[in-house]
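The first chain written gets the first letter, and so on, giving A, B, C, D and E; residue counts start at 1 in each chain.
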Amino acid sequence: MTLELALVIAALLFLAGIALILLRRSLIFLLLGMELLFNAAMVIALVGGARWHSSTGQVLVIFIMALSGAALALTLALLLRVKQELGGDTVDVLCHLREEADE
Amino acid sequence: MTALLVLLLALIVLMSSAALLVVRSPMHGAVNLGVTLLALGILFLVLGAPFVAALEVVLYVGAILVLFLFAIMLLRTPVQPEPEARWRSGFWWPVILVLLLAAVVILLFTRPPPLLTVIREIGPVIIGRALFGPYMWLTEAVALLLFAVIGAVLAVHRREGHDA
Amino acid sequence: MSEWLWLIPGFPLLGALLNALFGGRCSPRGMGRMAATMPFLSTLVVLALWSTHGRDPHLHDRVWTWIAVGRFHADIAFQVDQVTLIMISIAAFVGFLIHLFSQQFMAGDYGERRYYFYLNLFVGGMLVLTMADNLLLLYLGWEAVGLCSYALVAHWYRKPENAWAGRKAFVVTRIGDTALALAIFMLFAEYHTLNDQQLFVAVATHPDVLVLTIAGALTLIGAIAKSAQFPLHIWLPDSMAGPSTVSALIHAATMVTAGVYLCIRLYPVFAAVPGMLWVIGLSGAFTAFYAASCAIAQVDIKRVLAYSTISQLGYMFLGVGIGAPSLGLFHLLVHACFKALLFMSAGVVISVYNEDHDIRHMGGLKAQQPFLRWVFLAGIFALAAVPVVSASFYSKDAIIATAFMVPGGKLLWALALLGAVLTAAYAFRLYFLIFEGPVTPGEPYRMGWGMKIPLALLAAASIGMGWLQFPPGWSGPDLWLPWLAPVLGMPPMPSGAVNVFLQITGSVATLLGIGIGIKAAQWERRGHGFSRLAFLSGAWFFDAAFLRVFPPAVYAFARFLDRGVERTGFRWAFLGGLRDGFGVGSQLLGIGENGLLSRYASGMVLGLLILLVFAWGWM
Amino acid sequence: MVYSPPLLPLLIVAGAAVIAFLGDALRIGKIMPWWGGGAAIAAAISIMVEKLTLGDFLYWNSSATLLGVYLSLATAAGLTFVAFHPLPRKLSGSFTGLLLTALTGSLMLVGGQNLLFLFVGLELQVLPFFALLAWPGSGRGALEAAFKYALLAALASAQFAIGIALIYLGDGSLAVIPPFSGMAGTIYGLIGVLALLAALSFEIAAAPFHAWVADIYQGAPAPMLIFLSGVGKVAVMGALITLVSATPRLQLPVAVIAAASILIGNLLAYRAGHLRRMLGHSAIAHAGYFLAALAAGPVGTIAASAYALVYGIMSVGTFMGLSSLPENSVAIPWTVLRARQPVLAGLLGVTLLSLAGMPPSIGFFAKLFVIIVDIHGQILWLALLVAFGSAFSFVYYLSALWKPATLSNPDRLLCRRGWEGFAALGILMLALGWVLVPYGMG
Amino acid sequence: MNLGSVFILLPWLAAPWLATRRTGGHCFAMAVALVELVLALVLRLAPGMLHDTSHALFIPMLGALWTLHDGLLGGTLAVLTALLLPISLAFAWRLPEFRALALAALVMEGALFGLFLADNVLMFYIFYEILALAGAFLILRTGHKSRTAALLFLLYTVVGSLLFLVALVGVYVLHGAQTGVYDFSVLILADTRIPATAGLWMFLGMVAGLAVKMPLFPLHSWASSSYGAAAPAGSIFLSGAAVTAGAYGLIHFAMPMLPQAALQFAPVGITLGAIGTLYGAFLALNADNLRHFAAYASVSHMNLAGLGLFALQAQAMRGGIFLLIAHGLVSAGLFGVVAVMEARGLTGEWAGLGGLFRRAPRLGAWMLFFFLAGMGLPGLANFPGEFLSLAGAFQVLPWAAGLATLGILAGVIYFLRIYERVMLGPLNAVLPDALADLRQGEWLLFWVLGLLTLWMGLDPQTVLAHLGTLLSAHGSEALGGGGHGV
């Protein structure tokens, strides 16, 4: 039962992450949502590790952790520049590149 | 027993992520994320991964969340004229999308194959052996990546980029 | 057998080519001389032919292979038999006379070179048509003369109505050409040959009645259109817009007879289908009557003659239809002479009256133009078939008489006889209005020898040509029918009391007609002649109705296809629809591309969702 | 794990990357692009040497070898080209390092036979672009593009992570080949594979994961797009080839995604007013053609790798050409170009035609292979869709070719050098088809 | 390098050279065109010269791509092409866009030669596409310089030809699956056994690709805008030479590959051809200017040719091919007339014309000549083709052929109506006073075209006799006579 429940937690994390990314306006929250997604992946990997009694699950988690951390650091750096140069930290400020209404 | 604990953890995750969804201040968001991450740390312990649990607390709560906090502080505008809108414009379609996604995930989990219930703990030694054994070159690759991230962040924050 | 038959059409065609090549370098006068020489040379060759093979001509000359694919084989090859010999004699000789006449008549015209080009081409085309040994070559000549007819009717192109008349002539005859082409296709599809003689053999051995009926009907349509028979006669009165010489040559002597000639040539095909001949006869008899009834109400000198031509051609068809093609051919010959004469004379009359065609504005010309009066009168005699002294009496009346003899021929006979009355009437009405009565002076006009000789020759022929073949029961020359019998057979001839009755009724009809004609001329002068009868002068309103219906329908259909189908269907609906459809699709999809990050993420999640649904369905 | 020969190319590139990062600090950044180019060529040579050798995690099979050599050479060509471009003047050491890191990731993607390996490769390939797209001196649009790319790519990475975690949960192994035969046995594995497909489809901008691509093409500096499009996407295509050929059941979803991409990409490109956006949208369609080849099953693999290769070459050609124009050009100023850079104009023209699939350019042969394998695989409808899409693409490629445009900023037209390279690329694009054909069919 | 390759590549090499010139190039282009004409005649009259296939670019699985053969049909059409190019260039001589026109036409010529000589269907396809692109370029850069028209032209061709490609690949894959030999050579592909339904679909695809070029009826809409937009001198080449590519592909590739399907398709093809003939005729009747008129007349004729080709019957096919060639000459004459008029500032709108014969009788005479040829007057070039097509098709599908025969009637209606509008009647007041008649050079050109037209009409057998052997070249009895008979 534990593993299934852990998977439910992963699903919860996944859904929450997706909801954050899709619904929130502030870019920070979008990044928070991203972290939830990575955590969901980690939970699943650990469930897998537990299921197969293998260390691979944990190795996977460690890699995910490292890579998501790296990505996050870089994205936050970009976010700071976005704030400085585009003057905001919401999705709405990223609106200059878009399909023109008409040619 | 463990099932109850996990259930409790699930509740915590549910509540904190729900809170994450609705709180206005990024700081509150970060705190809620922290709660979630700590709950996950416990979950990792339950799943027999003490090393990863420790890493979760140390790396995620300790490093990444702090990174967030710094970023939030750097981002904060001195004067907050009005509370920002919580949701992005065009709210309902994504909501429906999320609900549908939830429905599909639930449907998919109605037919799970049975999972093994006996959880054995796998300690840091084994993990370390794995990381520096078969996965050594991958670990090196991640090292390269971190190296690259340093270079990248440096480049991203290079001020005089505009040749001005 | 005779490798020089091609010279006959070759000379005029060469003339046309020389004209086209060097026309710009020569004076129109010189061109005219050259052009006139060519049919003269042809005539010489024809004369040589007469002298060498006149008794029993059977000549063939294959020049080169024209089109040969599989069994579809058509040569440029000429053949001459009795019928052909008559036809080429007419075409070459009358053609030459008209060239001669034109030397003075057309001098100084603004399209003189062009005129001679087409005139030469026409003679050449007509000779090819008549001499062709296969249907395809015949079709070539057929179309070539149609073209020349168009070009010459529209000769004075600066007046839009002339150009229009030419076009009408070509288009209406082309209806027949199309039918003829279809007939050729059918015959080829059935008998796999285009050669006349092989075709006749095949038809005789395997008569497929259905095919022959349809093909015969189509051929008949072709002949009718070319020979201006009802209901496709409508082009001929309008084509009087051309010079009178053209009317004389093309619309009286030669081209319009091509239809009759075709029927005579393909006589075995028609004869193979029961009833087909009678239809031809009916068509001819009705046209003869109908056109005569119209002619009597015309006031334009050339239109009188045009309707008269239609009517006379009707008699020729009647001749073919009653199984007497040799009589039809006889009348064709006679008619060629007197109608060419009448048209040329009419041209002079019109010139005298300063291009006024209205016969009510004429009168008493006999004093001013005595020579013209006499030759014209000879033509009128022939037209009216004045007994004994006119050629037509021997040809036309023979046809009418024979019609009485064939089964189902009483109706045809009655119509033809009625037509004969009317013919005599309008002929003398015409003559009296122009040459008799109070004098309306015209311009002085002096005919040169170049004009007088052709007129005199033709007048003589109009009177004397009939003496080739006396009616049955008369003692006298009996040259025509026996000579033609090897190719066309002997027609059924009346004899005995019936013969006498028929000859008397024919003569009486003519005399009655003359009487009516003289009266009609008087009525006309007083202002209440037949021309007041709109039904008759409007040719039973047939032409008007035709014009009211067909051209507008064609143009409307073209407009419909253009606006309705091409522009609306293909361009607006199909291409435009595609363009707009793509545009709208693109625009709708572009909504997703509004730069909003969350929306992009939504797209990805949507994709994931679809894949997950997919997985769910898969499990 | 000890050193195994197949790793050699990766080690060369990674080592060179580390040195390049240090290059700035050592003030030898100026020569770093050349250094990187040399390293990439060395990697290409070593890949050819290592052809068909099997390592633990990676296998240089024929398509991997082909794409690996191509990726190395394309990076080398791009680096030497960029060496003349003003954009990476500063920090060219870091620039080179990041590109070599991305190349490392790309090679891992192409040759990887292990999901974790692929994941690391993906991250290694994607992360440098976060920075590269927003390279200093490239303006606000580039920043926006970079951030959008970063966020969405992170989302895709998360999906990828979830995907491999699920597969691991289902199969207990991270190797690509062995367990996947039983993939359908568990729902975890199935969902996992689909998540991988979604993530990789995002990276090659296949619909409906395509939304980012036009914005990024529009905003990002053209020199970076040489690599993003001509290297990054091709590498991900290589990973997709590995994944799909190992998982036959994916053919149907791949076919659906391919069809959607062809339709949506072409439709979007139809109205795009901006040249770059048009190219972005058409890239969606190209991803569709690639996937269409992949959907044909085993026979499609070769055609798919050929298409990936061709697509890469065309992208390199396009963006090298566009790199010489001012960044904000919405159309190609043909008249000026013809007068001042005729070779460049010729290259761009040939490239556009090749993208449209005009014979006898390589673009045509690539599409021909796609059609052949689709018909061979009995997915006629997809073959027809490829054909129609290709025909439709003439509309927008040719209007890009015909649209009269003036040069907004004539001074920014790069005039120095490069024409030999352009000419070589153009000839390559015309002639390679003939060389490629035997490979593609053999 | 054998002569055939030189033949194909020479115009392609000349074109870039022309492109680099800023001015002039007239004589160069003309010289190349004339050299090509000589080469074409040499290749046509001495056909053994091509048999050397050692230069074939052999590629596994696609076959020997660059193999040339010396088909009589291809050679004949190549002569036509080579003939039309100098004529087209001569009519364009004084145009400001001469170089663009010459460039496009040279590329088209090379592509046409390539596809006439190609043995490999893929090669044919490649040349076919290049032809389309060059044609679009021609439309884009000459005359009205209409982008829409060029795009429409290209799109129609490209969509169609990609369908052709899909069908071709279908045959190729089937053949490969059956024999293990993957090769695009038509000689090899013709041996494929193809299931009836699939074959029919494939044939439809091929017809869509090839008929669009002719253009056959439902696929014709590009024609009027293309011919209407390009400079008339360019339209000469476009309508006279380029259209033959589609028909050639049909005869030489599509039908031999799928003979059974071709036979099945025959009634549909004949019907479409018949409809198209009349449709084009009626549209020509309602055309709003001279260019569109000539365009629709061309469409009408090509549909008649298509009718002949689809009938798969000895007379009809030869007639169709003959009409194709004749149409090249006649269309050159028609568009030549338009070109001459446009060179004198006459736009071809009806409102600006009328009574022109008075000013330019030579032009009027030639116009009438080509109109007459166009309406299928016997003795001129179109007639043998039209008549044979119809006579042959009549044996296959009488009612449709009968319908198409009405085109003979329609021809006289629209040609004469337009002639009357342009040339006859009173002089239009808006016509410029100083309207020159034909110059010496133009007059000579018309004579060349005219004599050829006359020769083709009077002695078609010279051409037809050679066409007789071409259809059996593939050993395909279905086309030679086993189809719908002789």
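Just so we're on the same page, a contact is a pair of C-beta atoms (placed from the backbone, for glycine too) under 8 Å apart; a residue touches a chain by one contact, two chains touch by 3 or more.
On a predicted model such as this, the values are computed, not experimentally measured, just so you know.
Visitor: Hey, how far apart are chain B and chain E in touch steps, shortest way?
Guide: Minimal hop count between chain B and chain E: 2.
Visitor: Identify the chains adjacent to both chain A and chain E in the sense defined at the top.
Guide: C, D
Visitor: Is the number of contacting C-beta pairs greater for A-D or for A-C?
Guide: Between the two chain pairs, A-D has more contacting C-beta pairs.
Visitor: Using only Cα atoms to place each chain's centre, name the chain farthest from chain C.
Guide: B
Visitor: Which chain is the middle one, judged by CA centres?
Guide: Going by the distance between chain centres and the overall C-alpha centre, it is E.
Visitor: Compute the distance, rounded to whole Å, between the mean C-alpha positions of chain C and chain D.
Guide: Computed from C-alpha means, the inter-chain centre distance equals 77 Å.
Visitor: Just give me the whole-number Å value for how far the CA centre of chain B lies from that of chain C.
Guide: That gives a centre separation of 99 Å.
Visitor: Between chain B and chain D, what distance separates the C-alpha centroids? Give it in angstrom.
Guide: Whole-Å distance between the two chain centres: 30.
Visitor: Taking each chain's centre as its mean C-alpha position, how far apart are chain C and chain E in Å?
Guide: 37
Visitor: Using the touch rule from the top of the page, what residues of chain C touch 2 or more other chains?
Guide: 590, 593, 595-599, 601-602, 605-606, 608, 612, 615, 619 - these are the residues of chain C that touch more than one other chain.
Visitor: Going by the touch rule set out above, which residues of chain E reach two or more other chains?
Guide: Expected reply: no residues.
Visitor: Which residues of chain D are in contact with two or more other chains?
Guide: Chain D, residues with two or more chain partners: 116, 120, 123, 127, 130-131, 134, 148, 151, 155, 159, 170, 187, 191, 214-215, 271, 392.
Visitor: Can you give me every chain pair that touches, using the contact definition above?
Guide: Listed by label, chains in contact pair as A-B, A-C, A-D, B-C, B-D, C-D, C-E, D-E.
Visitor: Which bits of chain C are touching chain D when the two form their complex?
Guide: Residue list for chain C touching chain D: 582-583, 585-587, 589-590, 592-593, 595, 597, 599-601, 603-604, 606-608, 610-612, 614-615, 618-619.
Visitor: Given the complex with chain C, which residues does chain A contribute to the contact?
Guide: Going through chain A, the ones touching chain C are 18, 21-25, 30, 91-92, 94-99.
Visitor: Taking the complex as given, what residues does chain B use to touch chain C?
Guide: Per the touch definition, chain B meets chain C at residues 88-90, 93-94, 97-98, 100-101, 104-105, 107-108, 111.
Visitor: Going by the contact rule at the top, pick out the chain D residues touching chain C in the complex.
Guide: Residue list for chain D touching chain C: 148, 151-152, 155-156, 159, 184, 187, 190-191, 194-195, 197-198, 201-202, 207-212, 214-215, 249, 253, 256-257, 264, 267-268, 270-271, 392.
Visitor: Given the complex with chain A, which residues does chain D contribute to the contact?
Guide: So the residues of chain D touching chain A come out as 116, 119-120, 123, 126-127, 130-131, 134, 140-141, 143-148, 150-151, 154-155, 157-159, 161-162, 164-166, 168-170, 172-174, 214-216, 218-219, 271-274, 277.
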